[in-house]
Every structure is written in structure tokens, then in C-alpha cells.
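In the two assemblies presented below, subunit A is common to both, partnered first by subunit B and then by subunit C.
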Partner chain A sequence: MDVLLQAIVNGILLGGFYALMGMGQNIIFGVMKIVNFCHGEMLMVGMYLTYMLYTYAGIDPYLALPLVALIMFLLGAGIQHTLITPSLKTKSFTNLLFLTVGLGLLLSNGALVLFGSDYKSIRTSYSQTNIMLGPVSVALPKLISFLVLIVVTIALFSFLKYSTTGKQIRAVSQNPVGAEVCGINVKRIYLLTYGLGIALAGIAGCLLTQFYSIYPTAGASFGFRALIVVVVGGLGSIPGAFFAGILLGLLEQMSALFISPSYSDMIVFITFIVILVVRQLLIMRRR
Partner chain B sequence: MKKLFKALLPLALAATMFAGCAGGSQGGSGDSGSGTAEPTGETIKIGTIYAMSGDKAAIGENILRGIDFAVAEINAQGGVNGRMLEVVRGDHAGDAATGKSEAERLITQEHVDVMMGCHMSTVTEVVAQVCQQYGVPMITAISTLDKLSDEEHKAYDYFFRLCPLNSVYVEDMLKYLKDSSQQTGEEIKTVAIFTDKAAIGQELIRCVNLFAANYGIEVVGEVDYSGGAADLSAQVLALKQMNPDAILCDSYVSDATLFINTLKEQNYKPKMIVAKANGFTDPSFITNLGSAANGVASVVEFNNDLTNGVEINKEFKEQYGVDMNGHSAESYTVVWLFKAAIEKAGSTDGEAVKQALADLVIDGAFEGGRNIVLPYSHIDFAEEYDLAGSKHYRDNTSASVAIAQIQDGEWKTVWPFEFASSKIQYPAPLE
Partner chain C sequence: MLKVENLNAGYGSVNILWDICLDLNDGEVVAVLGSNGAGKTTMVRAITGMIRPTSGSVVFNGEELCRKSSRHILDAGIVQVPEGRQLFTDMTVLENLQMGAFSKETKEHFQENLQKCYQWFPKLEERARQAAGTLSGGEQQMVAVARALIGMPKLLILDEPSLGLAPNIVDDILNVAKTLAKESNISVLLVEQDITKALAAADRGYVIENGRVALSGSAEELAANEHVKKAYLGI
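And then the complex of A and B:
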């Protein structure tokens, strides 16, 4: 029983992290209809950024969070402006696919050149602290990152729902041409959206430094899971991404507990494929 | 006249080429051939084939340091049979085809008398083939892949291996678990294996299952994960439920670090963790984990506090500024083995040196040299022996590894007890 409780808590905390990654990917996909294949690498950039702020400026990782988010937002907006906007004109999906994949390779190899292949970490006084909630042991950094996730989810949801810019983003997501006709600056919205998505990856990276090693390919396994979250949670839906992330975390933990840890990855991906197929069938029947 | 010249030219060419070939094949046997033409002061050439460029270059550098250190020692004493040693370096750059051409170059052009190599077992295998073809004795200091000495390679009688085999590494981990009760007072009866899904991990699982029963140890579970894992809490929970007396593991460094962090996070303190080196002995492992790494034990080939290695390590460090590692200690030993064999053979003739190596027994110390600097005190290449049901040839069957444990942030040798400087810390504090 204790083990089950522990596994559920582990699953929720881990899933929360996947959700955070998925939300960034989802907002980009929802609005611009492009899959950001360098999302995992952006997570890695966020990690190195936090690492540099901590090592060279002595800024605590959690205090650095807003700063990392801001820098990553600017980086994202810059990439959108200089690279993605021009290639959106071509209306070619493959073009953007190669662009984002290539960007990912560039970033991870750039990190390799700049920082070397060694595994770095940030050890703060609290990074190895555990809290006991009854029989369940929880790592403080994971708990904090889950709380950040909740704050971010609520903030993002209300931003999209109530603010003018948020409404514009949703309008562009539903119909870019219509939105442009209504006088919305679609280019500006794209800039904002991509920046926002990358900022979310940066936030995730910043939180991750407290319980994961920092190395050039650190983002790979997380980036992949972000894609699953997007597909399962529904395109463009923030609450959908939130719950899909947690579901994914729980699924990994439960399949490890009840079947075998060796098969948990396999089960996750099989479930992913099943969901894809079932959804496709449902859509076809509706037609 | 002109016509005659034209007719004779190819013949003359062929003759010189033939002479060249003959010279080449004799090059391996050094002073045997043209006897009088060679001055007695000619050097004995040791060919080495390691990576000196590419991403494995750092490994090659450590190996070559060990070799240079031994050569300097031997030459300072007047060399071997009055002849100085000379190292002729080949660079395989991490590639088997390059290794093969380098081996051919060293033998046919540089006329090396004996060969050492390589770092990667796949390269070692092709170089051993070339050496066999030209009759040049070869010892590998560090290639651990079991199959290099198996039935398939029985005919390679110019090839010898000093280091322990992969499966011996694992058997030594189990020996350590069994012996540890002498210090801890608690018998290790059950183990769980925690490892990567990749080949390294499957090899660990295979070997543990092969030997565990011989040491009265039961394998209660195998937990594996895909390398570069995002999370290991499910794996750690599974281990916690199995509750083994000890955990045996083999992981790359990011997973090894995450594993130890996750143990803490899941509030699980296994009493004993023994790793098969790899990520656990990477320098960043201790740096990144700090005190959480205390108590983790690992297989090592050499450690700076190994009782018979302390002295040499001190001199080595003075010269190169870094500690001797397993690779440099093993390659150092191989140079001394060649010295002993050539002295015994009385010449550098390939056949004679091969025979001398096969008959060679080093017990405790080298003649005119140090005690063996590795965690064993006997070297003897067995003509044929049995390892876990399969026959192997010309390995040093006395070879063994040591076990070191992280104590206060430093690796301390704890086993074999006669070479150890510290006592086993039990249970592992992990804080």
C-alpha cells in the first residue's frame, strides 16, 4: 500500500514535469501548427542558463527562474523573427521540420563545444532535501516544481482566456486569415507565442537542474515525452496538456509497479500508438 | 642492349621487391637474421597501437604514459640483454581498419619486435591477426572482451592477455560480496541487478547469473532502464520492494548520478552497492553527488592507495602530474613482462619470445624490478583453462580487479584485503 501511494505520488510529480514541457510545445503547435522539434534542446539551454547564472553570478536557481524565463522568451522571439517567420512563407511543412530539427542539433552540439561533454549539476543546500508526508517520501525540488507548474498553468490559462493578447492568440490559433482581417497582427502573435513556448521550456529546464544532471543531450528524453503530451492532451489545449502530462507520469509509474520497470517505456509508447489509432478511427466515424 | 635492359628490368624489380618482403618478414625477428650487420647496440622495438587522436585519445595517453614510465625504468638499468628499449607508436584512432594498417606498418616498415595493444577489443582482435600472420608476439594490457581468448581464437598463439576478462570482473564483484562478511559480520545472501538495457547491462546480468550460485548468492531481481533515463523512481521502488542485501550495477554517468539521487529521494538505503566501474568511476560522479556518493563501491583495476601501487603512483604523479590509473598500471606491467620474456628467450626472435611468454611465471616481483603493481601477485599465461564452462587460451588466470569504496569523497581500496588500505564502510552511508 505504501509502495502504491509512493508510486502514485512519484507519477504525479513526474507527470507534472512532463505537463510543463508539453504545455510549451502545445501552445506553439496550437497557434502556429508547427511541431517544435527542438523543444528538448530548449530545455537543455534553460538548464545551462541556470547553471551559468548560479556558477558565475551566484544566483539561486529558483530566484533565477523569472530571469531564465525572460531570456528564453527573447531567444524564442528572436528565433521566430529571424528563422521561422521567413520559412512560414514557404508554407512547407518539411522546411520547418528540418529547421527545428537542425536547430536542435545546432544547440546540442553548440553546448558540447561550449561546455564539453561532462555532466554538471547544481547542488544547493536544499537540492537533496526530502520531506516525509506520512509514509510517502517527496523530494523538495520536485514538490516545488509541481507548485510552479500549478501556478504557471493557472496563469497561462487565465492569460489566454481573459487578456486581450490571449484572446488574439486564440483567434489566430482558430483562424489566422480571419484574425488578420480583423486587424490582429498575426506576425506579432506568432512572435509572442513562440517566445512563450520557449520560455516554458526554459522554466522547465531551470526547475530540472535541481534533480537532474546537466549535459548537452539532457533534453532528449523529455522533448520526446512533450510530443506525447501534446498528442494525448489535444492540440492547443492547456488543461488538456496538464492532465495528459500527469496521466503519462502515472502510466509510467503504474506500469513499472504492476508489470515491470523494464517494460514501462514500451507500455507508454504502445498506449500512445493505441490512442493515435483510436482517435483517428473516431474522427473517421464522425465524418 | 636496350632491349636486353628492358627485358631484365621487371626481373630486377621483382627481385628487389622480393628482397624487401623477405626483409619485412624477418624484421619481426630482429637480431636473428643478418646477425653481423647489426650493431649489438640496436634497440629492441616495442610497437604500440592505441588511439592517439579522436575522442579516445585521452585513454591512449594514459596507456602510453604507463609504457613510457616502464621503458625509462628499464633503460636506466641498462636495458634488456644490453639493448635499449624503444617504443614505436601506432595510432588506431578508434578504428579497426586503421589499427590493421598501423599494425602492418609497424611490423613491415618499423620492424618492431613485440606488439602491445589495443584499447578497444574490436581493434585488438584485428591487430592480433596481423601479429599472428607475421609471428610477432603480442600482449594486450587492457582488452577485456571474453571472446578474444575463446575457442575461435585458439590458434592465435602469439597473442596473450594480462588483464582480467569481463566475466572475471563480475566474478570478483561476487567474491567481494562473499568476503565482505569477514569485516561486516553480515552475510550477503541476495543481490539485485540494476543496469542499462544496452549490451553492457545485459552482459552484467548474464555474468552474475553465471557465477552467483558458486558463491551462495541468490539473484532476487533484475531491474533495467533505457540509457539517459528521464526518471528512475519506478526502478528504485522496484529495488526497494525486492530488498536485496546488495545491489550490483553498471550505468553510464548520467544514469548513475540520477540513480543515487533517486535512492535518497525514495528514502531507500541499500546496505551495499557495487558497480562495474563505468559511470560510477567517472570523476564527475563524486563532484555532482557530493556526500550522497559515500559508500558506493566499484570495481577498479588500480587505485592510488593500493598497497603495492602507492610507491609507483607517487613517482608517476611527480612525472606526469596525474595519478596512475588502471590502464597505465596494466600497460606498465606489460612492458616488464616483455623484458622478462626477452631475457629468458635470450633473443628477440618472435618464436623464442612467444615460447618464453608461454612459460613465463612472475611471482611477487619482476627480476630487477618492482612488485607487481596490480591487485594480484602472480602472472602466468595459462595454455588452456576453463571459465564458466567454456575453454579459454593464454590469459593470465591470476588476474583480478580490486574493489574501491567512496569514503569521505575519495576512492579507497577495500578489497582484496591484502592489498587494501581501508576497511569496508557498512552499511553504505549514502550521505
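And then the complex of A and C:
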């Protein structure tokens, strides 16, 4: 029973990262209709950024969080401005597919050249601290990460729902022509959205550093799971992404507990494929 | 107030509009008529800066607007109700209207303009918190017109307001346009395929065929014109 509870808590905590990644991918896809195939690599960049700030400047990972988010936002906006905006003009999905996949390869290989392939980690004074929640023991960094996730989710949701810029982002995602008619600067919204999506990946990377090894392909599995979260959680829905992320984390921990940890990846993707097929069949039947 | 001269525009290397000339006075309702594919919407897009004209001039209240950005043209006071309405369907009616306030001035006057819109279209006040996509076609067209009015236009361009709507709703919308022109001194450029209804609402009109102005004149003249009767009214 305690083992089950422990797995549930771990699943929720892990799912938080999938949710964070999924939300970033979701707003990028929602607004620009492009799948950001370098989303996982952006998480990895956030990890190395946090690592460098900690190792060379002695900044605590949690204090570095706003800085990492800001740098990642600027990086995202820069990529949008110099690479994606010109590529969007071609209106070619293939073009953007190659662009973002290529960027991902560039980033992971760049990290390989700069930092080597060995696993790096950050060990703070509280990395190993555990807190008992009833019968369940939780690592303090994981708990903090989850609280940060909740704050970020609520902030993002409120930003999109109530602020003028947030409403403009939704307007562009629903109808770019209508948005231009209303004088909304669509290019500026693209810049903000891509920056925001990348900042979310950076936040996830920063939070992960305390209990996940840092290496050039560390982001790949998170990048793929972000896509699942978008599809399962529903396009444009922040709460949907949040719950889909948590569910995904739970599924992974449950299959690790009841079947085998080495099969959990496989089970996640089989479930995803089943969901896709069943959903498609349901849609076809409705027609 | 609006003077369009020798406007040429198109998409890529394909030219659609050929030397369009057109003018419009304060408080006037002018119809631009033509069949599907004549170039009416391209003309709207060229005047509002959503596509860049290849040559020509668009002078509005003394300012040359040709080849200016769409935002600049909005700020100058030309606001359009686009073809197909282009609403934000998952956002509420109120949020759609908020998006119409693009400048500092229109944001400051938002509340009073919103009340005016609710007077024009009382249905919208009832539906303010409802997603725009759940409204009927006529109500959606009202949202689109109201969204443009929130932008405090000096010139309102209505692109195919009758598209897919019941005749009595078209009459309502055209009546509002007419009243706006007479009472609030907003000029209206009415782009329409439904020539009978458009000529009934307009003071003057232009007929566009194959991207060129084929005919122009007062609404009565056009309605009586043999070519118009034959080609468009089926008489």
C-alpha cells in the first residue's frame, strides 16, 4: 500500500514536468500551428544553463530560475525572429519540420562539443533532504518543483485568460486574419509565444537539474512526451495540458511498479497510439 | 474623404486589380458591386493594407495610405468588417469586442462605445458572456460589425455582410450601416454581391468586373442601367 502511494506521489511529481513541457508545446502549436521538434533540446539547454550558473557563478538553482526563464525567453524570441518567421512565409510544414528538428540536433551536438557526453549533476545542500508526507517520502527538490509548476500553471492560465496580451495570443491562435483586422501585431505575438514556450521548457530544465542527470540528450524523452500531452490534453487548453501531464506521469510510474520499469516507455507510447486510434475511430463514427 | 486612384494589386505575380479609381465623401454609403471573383475582397485587402498594392494611391483625409501597414491604416480610421466575419470563435462576445479596441483612444472610449453597440444590437448584450462560435450567423455578423465600431471608424468597410444570412437580418445590418452614415457621419463602403439590397442601402455605387471598374453612378442610375439589369439582376 505504501509502495503504491509512493508511486502515485512520484508519478504526480514526474507528471508535473511533462505538464510544463506540454504547456509550452501547446501554446506554440496553438498559435503558430507548428510542432516544435526541438522542445526537448530546449529543456536540455535550460539544464546546462542552470548547471553553468551554479558551477561558475555559484547561483542556487532556484534563485537562477527567473534568470534561466528570461534567457530562454530571449533565446526563443531570437530564434523566432531570425529563423522561424522567415520560414513561416514559405507556408511549408516540411520546411518548419526540418528547421526545428535540425535546431534540436544542432543544440544537442553543440552541448556534446561544449560539455562532453559525461553525466553532470548539481548537488546542493538540500538535494538529499526528504520530507515525510504521511507514509510517503518525498525529496525536497521534487516538492519545490511541483509547487513552482502549480504557480507557473496558474500564472500562465490567468495571463492567457485575463491580460490584454494573453487575449491577443488567443485571438491570433483562433483567427490570424481576424487578429490582423483588429490591428494586432501578429509577428509580435509569434515572438512572444515562441519565447514563452521556450521559457517554459527552460523552467522545466532548471527544476530538473537537482534530481536528473544533465547530458546532451537529456531532453529527448521529455520532448516526445510533450507531444503526447498536447494531443491528449487538447489544443489550446492549459488545464488540459496540466492534467494530461500528470496522468502521463502516473501511467509511467504505475507501469514501472506493476509491470517493469524497463517497459514503462513502451507502455506509455502504446497507450498513446491506442488513444490516437480509438479517438480517430470515434470521430469517424460520429460523422 | 477617401480617394483611390489607379490602384493595382494582386497576389504574387498575379495581378487582380487593374487601375481601380473610386472616391467616397463624408457620411456617404457607397456600394462596390460585382460577382464572385471580380476582385472586391482583393480591393478591400489592398485598401486596408493587408496586401501591398503594386502601384496607385489611396488618399484618406489628405493622407497617403497606399503601401502603409495595416495597423497604420487602422489608426487612420479605416476599419473593416472582413468577409466571413473572422471572429475569435472560442472567445466570448465581450472578448471579441475588446479585441476591436486597438489603440489608446479606442481603449479609453471602450465602455461608451460598447454601450452604443449594445443599443444597436441588443442581442449582443444578452450574449456577452457566450462564446462567439455558438451564436447564429446573423448574431455573429452583428459581433463583427460591433467589433469594428469599437475601433471608432471614420470609414467602415463592410465586406459581403450578406454572406450566408437570412434576408431580414441582412436588412437589419444594412439599416444600421445606413443610420451610422447619416447620424454618426461614418462613411460606409459596402462591398456586396447582393446588388438589389446593396443599391437600396447605398447613395452611389461602382460595379467591378474582372478587377476593373466597369460602371459607376448613383444607386438609381445603376439600378436602371441595362447592363446591370441583365448581368446582375436577371431582368
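Odds and ends about this structure:
Just so we're on the same page, the second predicted complex is superposed on the first by the 283 of 287 C-alpha atoms of A that agree within 3 Å, B and C clash if a C-alpha of one lies under 4 Å from a C-alpha of the other, contacts with A are read in each partner's own complex, and residues count from 1 in each chain.
Here, contacts are C-beta pairs under 8 Å (C-beta built on N, C-alpha and C of every residue); 3 or more make two chains touch, one makes a residue touch a chain.
Remember, it's a predicted structure, so these values are computed and weren't measured experimentally.
In the superposition on chain A, A:183 makes contact with subunit C only, not with subunit B. Using the contact criterion defined above for the overlaid structures, shared-chain residue A:168 touches subunit C, although it does not reach subunit B. Contacts of A:236 after superposition: subunit C is touched, whereas subunit B is not reached. Touching more residues of subunit A than its counterpart among subunit B and subunit C is B. When the shared chain is aligned, subunit B comes close enough to touch A:137, but subunit C does not. When both complexes are overlaid on chain A, the residue A:120 reaches subunit B alone and has no touch with subunit C.
When both complexes are overlaid on chain A, the residue A:264 reaches subunit B alone and has no touch with subunit C.
When the shared chain is aligned, subunit B comes close enough to touch A:220, but subunit C does not.
When the two complexes are superposed on chain A, none of the residues of subunit A touches both subunit B and subunit C. Residues of subunit C that touch subunit A in their complex: 48, 50, 70-71, 74-75, 80, 82, 85-91, 95, 98-100, 102-103, 147, 151.
By the touch rule above, subunit A contacts subunit C in their complex via residues 164, 167-168, 170-171, 174-175, 177-185, 236. Contacts from subunit B toward subunit A in the complex involve residues 197, 222-226, 228-231, 233-235, 237-238, 240-241, 253-254, 257-258, 261, 264-267, 282, 284, 287-290, 292. If you check the complex, the residues on subunit A that touch subunit B are 3, 6-7, 10, 14, 118-121, 123, 128, 130, 132, 137-139, 142, 211-213, 215, 217-218, 220-222, 225, 252-253, 256-257, 260-262, 264-265.
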